[in-house]
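My questions will all concern the structure given below.
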Amino acid sequence: METKYINKSGIEQWFNAIVSSGKRVFAPVNSRGQVDFKPVKKLSEVADEYIQTTQSIKASVYPKAEVLFSYEKVNGKVNLTDFDPESVAETVLWKVHPCDAAGFKPLSAIFNWDTADKLHNAHLVKTSVISFSCAAADESCFCTSVNGSPGNTAGSDIQLTMLPDGGAIAEILTFKGETLVALMPNVFEADKGEKKEKYLVDLPTRFNLEEVNAKLNKAFNSTVWKEQSERCLGCGACAFVCPTCACFDIQEDAHGSKGRRIRCWDACGFAMFTLHTSGHNPREHQSQRWRQRILHKFSYMPERLSVVGCTGCGRCSRACPVDMNILEHITSIAKQ
Amino acid sequence: MKKLRDRAAELLSQGVVSLVIGYEEGTKRPRPLFCRNSEGAEKLIFDSHCFHNLAVYITKKELVGKERFAVTAPISTLRSIMQLYVENQLSEEKLLVITVDLSGELREFTTFDEIAAYVAQFELKRGEREQEILSKIEGMTREERWKFWMEEMSHCFKCYACRSACPLCYCSKCVVEVNRPQWINPWPAPLANMEWHINRAMHMVGRCTACGACGDACPVGIPVDLITRKMMEDLAPEFGYVPGQPAKQGNALSSWKLDDREQFIR
Amino acid sequence: MSSNTDFEPKIIAFVCNWCTYAGADLTGTSRLKYATNVKIVRFPCTGRIDFLLLLKSFAQGADGVIVSGCHPNDCHYTSGNFHARRRWIAFRSILDLMGVDIRRIQYSWVSAAEGSKWADLVNNTVADIRALGPYAEYQKVADYLEKEGYNEEA
Amino acid sequence: MSKIGVFICHCGENISATVDVERVAREIGGMEGVAHAIDYKYMCSDPGQTFIKEAVKKYGLDGVVVGACSPRMHEPTFRRACAEAGLNPYLCEMANLREHCSWVHEKSEETTEKAIDLVKMMVEKVKKNKPLDSIKVPVTKRALVIGGGIAGIQASLDIANTGHKVILVERDPSIGGHMSQLSETFPTLDCSQCILTPRMVEVAQHPNIKLYTYAELESLEGFIGNFKAKIRLKAKSVNYSTCTGCGACIQKCPVKKIPSEFNAGLGTRTAIYVPFPQAVPNKPVIDRVNCNYYKRGACKICEKTCQVGSIEWDKEDEIITEEVGAVVLATGFDVKGTDFFPEYGYGQYKDVLTGLQFERLASASGPTFGEIRRPSDGAIPKKIVFIACAGSRDPAKGIPYCSKICCMYTAKHAMLYQHKVHDGESTVFYMDIRAGGKNYEEFVRRAIEEDTVNYVRGRVARVYEKNGKLIVKGVDTLLGGEQVEIEADMVVLATAGVANCGSEQLAQKLHVSYDPYHFFAEAHPKLKPVETNTAGIFLAGACQAPKDIPETVGMASGAAVKVAALFSNDELVREPVVAVVNRLAPPLYSTCVGCFMCETACPYNAIEHEEIKGRDGSLIRTIARVNQGLCQGCGTCVAFCRSKSIDIQGYTNEQVYAEVMSLLND
């Protein structure tokens, strides 16, 4: 790990070098009234004024629907074409928030908890993350309450902290990061000794994670779930914008004698998610599904995978049509 | 506001209703509130920022239970309630509807006829946002419209917030979840999304009251409400129905006229 | 669009049992010739025809669709065709709004006595769709899972 | 995996001349799930069918596809063959290789490929077919006939004579209908009453007929074979079990000036009355609207007169329920009154009459005892004008149709007039003379030639009164539009026949459809003229459209045969091509959410409400249920159902989807 300084024009030259290297570059772009990660070619396309992209980088790294394998039956013989990890394009994510980058850890923990997930890992290997530390936050942000921070480097390959002169402190964190630096090493100057903390937004913690965890351990039968979830509509918006939600569905796209099996995003908040063929639904009510969502992230994952299933990005709160504010709900549980 | 809170508290404490569905202050704007006692009623608010269509909750049995309940309803919610009524989803005995009229007075409806008469006073108009986007769409060629919507559809990740927020999407099993046959591909892909939204619009023919809840709910900002709205604007005059003032003897697609348009039929 | 004489359009016809299917039978008994491109799927009534089938047809590679049933007032079930007519008015309006090419769906009334009308309908529709060309705009997006690849036209 | 047998027919050379049938069989034989595929010269022949039967057994087939002619031709044949081999007949489908392929295309690669596609399509469909059982509905062998005119009388007698019970409901105090009002009937000029009254009496005395007069249908529920009719017996105020029909009360009734309905307003009747002397039953009812006692609370003269104490002042309407298996609608028609015609004085001229009023004048039992006299002054009209098509065939009047009977009865009227007033002069204004029918044209010619009725082709623009005469202004279009003006003593309008008042409400009660003029709609204009689109409800007579007596009687007998045929079996067997609402395990029970939009879409009122109740009897949900007796299998509800909760057997979503996909996936 190495810290360097890169000036304003250096940033642009380096960015252009990454683009010309042939890698796909995704960065936040402002279009249709929303800021989201999109393929970009020029630095000027990258959005400036925003707190958070609508969707997390999950949307750029993992396709919403992806072919696990395809098949064709010819003269009674089945030809199978498996997923090819090499088909995944090298991707660089530019201007990722630390809370997004931090999402890779819980995602990997889930996808690889017993057998390694070929697709997930292929995407991960091909992705490099250039994060920008956060100089601003809004009322939905709470990374500092879930072991994160505006300058958290977890999951990043390089982290830039923007300086008033337009340049940035560059923390080169991994080998992938070094590879990116190597595309234009000369723009990286020696560290000027600036403390990056000075440029980070001050985000006080909103709740104590251990305290919440302790409360949740005893809360399975609490009435709080019903109270909190009454207005929840049961859509999947929170799950789909979440950087750590990993629920998926397997579907068949069959056309006569050929077809493909598709993995696509799903959400534990959907009523159908746990519906059995028999008609029985172990999570019949919205309150049970809401409980599952919270307990999974704040209790089951820390317990079983040793990682908190939330990075405090606040996207679910922003995306929710009925203001299911996760911070408010967790805080209220902590206070109980 | 005080009148509403007092009345709600009264209804709850006297046991007239067991639940009042209304609005409270939310993070950035009002949000739905469920009060089951007079304490909860203190949080009630009702103003022009109360946008959510609360009719979406009144068909959820696990929520409203078996006892009588009240709902505070701006005009858009009232229209949905009327539509739900003709679709046999509501009963007069169980529902008390409260609104605040233009003069700020509290009004209570115990019958659907009263609601129908009240709703009839209000005209459904395009707002600025709808006007802006729709006139843009109306100015496009067919190919441009296809491109426009395919771009929009590419953002859809099928969270079904549009469906969840719609008071009229109360099916216990939506057609997208029907898999024998799989009418609509369940994965989020541009055309599969397009199919979903075309299907949604078809299912809303003669039913959509243009409350805008679906578009408001979309986390990725697709103006899905304008699909159903434009459909409604185009078809309501032709089929002779008024959104929110439904006919009991059948909706636009379950009825017909001898002289319905057919110049497109060769 | 340029007309393409090598292009053999795939067209599916959704017809009712009592009028158009019987009409097409009469075309046969009258030995009137028409193009082989159209294949008939039989329904009890036009009222039975689901709009989703039309959408699926295009997604699965159809270039055109014919929907045909009894003339108004002739429906075997008295009003199935009237219900269908309304459904198609609504469906066309929505498809047009979404930018789907509604010229590729040909609606018609063909009675059991109109064997020659059926032959004409098929031949004219085949010619029309041939002139429009393959419905690539729709078909090519059918298999894509992600936006990339089709939206960024070279 | 399916085991489907495919049988490709050459149809002699009809198919094999343009389609390479061997290749079709060969390629289909390689398809997934096809266990056996052959081609043969004539599949429908005995040996052909034997191939199928043997293959079903030998290969244990669970589906059969016959690629041959149109299923409209031989589907029953091949389904029967399958059934005989022990395979459910509904697991057999046909691919139309002849009418839809070989006959309409030239011999070519494409033609054969299309044939392959068509067979493939049916193979994919059959894979999704399910064994179906025909639907059996029990039949209550009792008929309800509504309307006691000649149509209802004929239908009742015909049904009763087949040994089945009939309930005949008549709105008026007597049966007989319009026919009882007629003087003489065309084209034979026999007396209407003479031929009708014996039939009326036969009805009253028939052991199989239960007659309810002064009664109306209140409601009808159920379906073919199983209707429940609620009938309102209007209070007659007279106890028929004791009344002897002596008529003394009628003599004494002080209210005597009520226009007689039977005499079309030309005569009068009393408040307690029998509509006409030959009425069946020949017992009076009290017209409560006009009775002094009911109006003012005092009178009761009839009660004093009645020797047997039959007057029941406090009698109330009674509602009875009858279970029936079939209904015959014979509610007849009405004619437009003279007040419908502004151009002819809005009914203000007393001597402008309707054809029905003229019937009463000409009738021996009428107000003038058969003499043609002017209602205004009782004088015998010396000049009379008949105006045909008064209202009929006049879109401006809202009656574009032909009332059908007017040409004939107008000729009859003119003839009767000439027979009764020998020095009289009669003129008929007509648009066309429609005298189609046995001996009809001859009848009209006789009126013109033998009875010297003056026929003028043209319309009458105006009728107005001047110096006690009715001035009839018209044109003679055969004489180049020459103005014709006749000073007449009497004018008779052949006013349009219209639907009976209340027919719309009745149609709604019965759930039968009706045309824009409120005549009941037949199920098919050609092939099902006596059926309605509601199974088990039939039509007889002028309630369907204006028609004359022989046609009415024929139709009534037709309806009776339909009823008798229905009653000839204990159960009704129907094709199982009907809609069904899905049922699932609790807690869902069904995906139907009970919006009941299907109920409003169904042309047959086949959608019912089914209450799903818990073990404690509490209502869980209300969902739709299809009444298989009423459903005709159009499938409109299926395409309409948003949650795909209704499906139609034989054309299920899975089946049609598989068909479409097979055509597109290669």
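A few remarks follow.
Letters A, B, C and D mark the chains in the order given here, with residues in each chain numbered from 1 onward.
Just so we're on the same page, a contact is a pair of C-beta atoms (placed from the backbone, for glycine too) under 8 Å apart; a residue touches a chain by one contact, two chains touch by 3 or more.
What you see is a predicted model, and the numbers here were worked out from it, not measured in a lab.
With respect to subunit B, maximal separation of chain centres occurs for D (centres as means of Cα atoms). The pair with more inter-chain C-beta contacts, choosing from C-D and A-D, is C-D.
Each chain gets one centre point, the mean of its Cα atoms, and the points for subunit C and subunit D are 36 Å apart.
In whole angstrom, the spacing between the mean C-alpha positions of subunit A and subunit D is 70.
Here the spacing of subunit B and subunit C, counted between their Cα centres, is 33 Å.
Per-chain CA centroids place subunit B at a distance of 44 Å from subunit D. Within subunit B, the positions touching two or more other chains are listed as 173, 175, 183, 187, 189, 253-255, 258.
Under the contact definition stated at the top, the residues of subunit C that touch 2 or more other chains are 50-51, 56, 60, 79, 83, 87, 145-146. Contacts with at least two other chains are made by residues 588, 601, 640, 653, 657, 661, 665 of subunit D. Taken as a contact graph, with one node per protein chain and an edge wherever two chains touch, the assembly is complete, since every chain touches every other chain. By the touch criterion given at the top, residues 60, 145-146, 148 of subunit C touch subunit A in their complex. Those residues of subunit B that touch subunit A in the complex are listed here as 26-29, 31-34, 52, 56-57, 62-63, 152, 155, 157-161, 163-165, 173, 177, 185-189, 213, 216-217, 219-221. Across the interface of their complex, subunit C is touched by residues 70-73, 96, 98-100, 103-106, 108, 110-111, 113-114, 117-118, 121, 513, 521, 523-524, 533, 577, 601, 603-604, 632-636, 638-640, 648, 650-651, 653, 656-657, 659-661, 663-665 of subunit D. Those residues of subunit A that touch subunit B in the complex are listed here as 32-34, 36, 54-55, 59, 64-65, 139-140, 230-231, 233-237, 239-241, 249, 251, 253, 262, 264-265, 267, 270, 272, 284-286, 317, 319-323, 325, 328. The touching residues of subunit A, counted against subunit C in their complex, run 39, 63-67, 255, 262.
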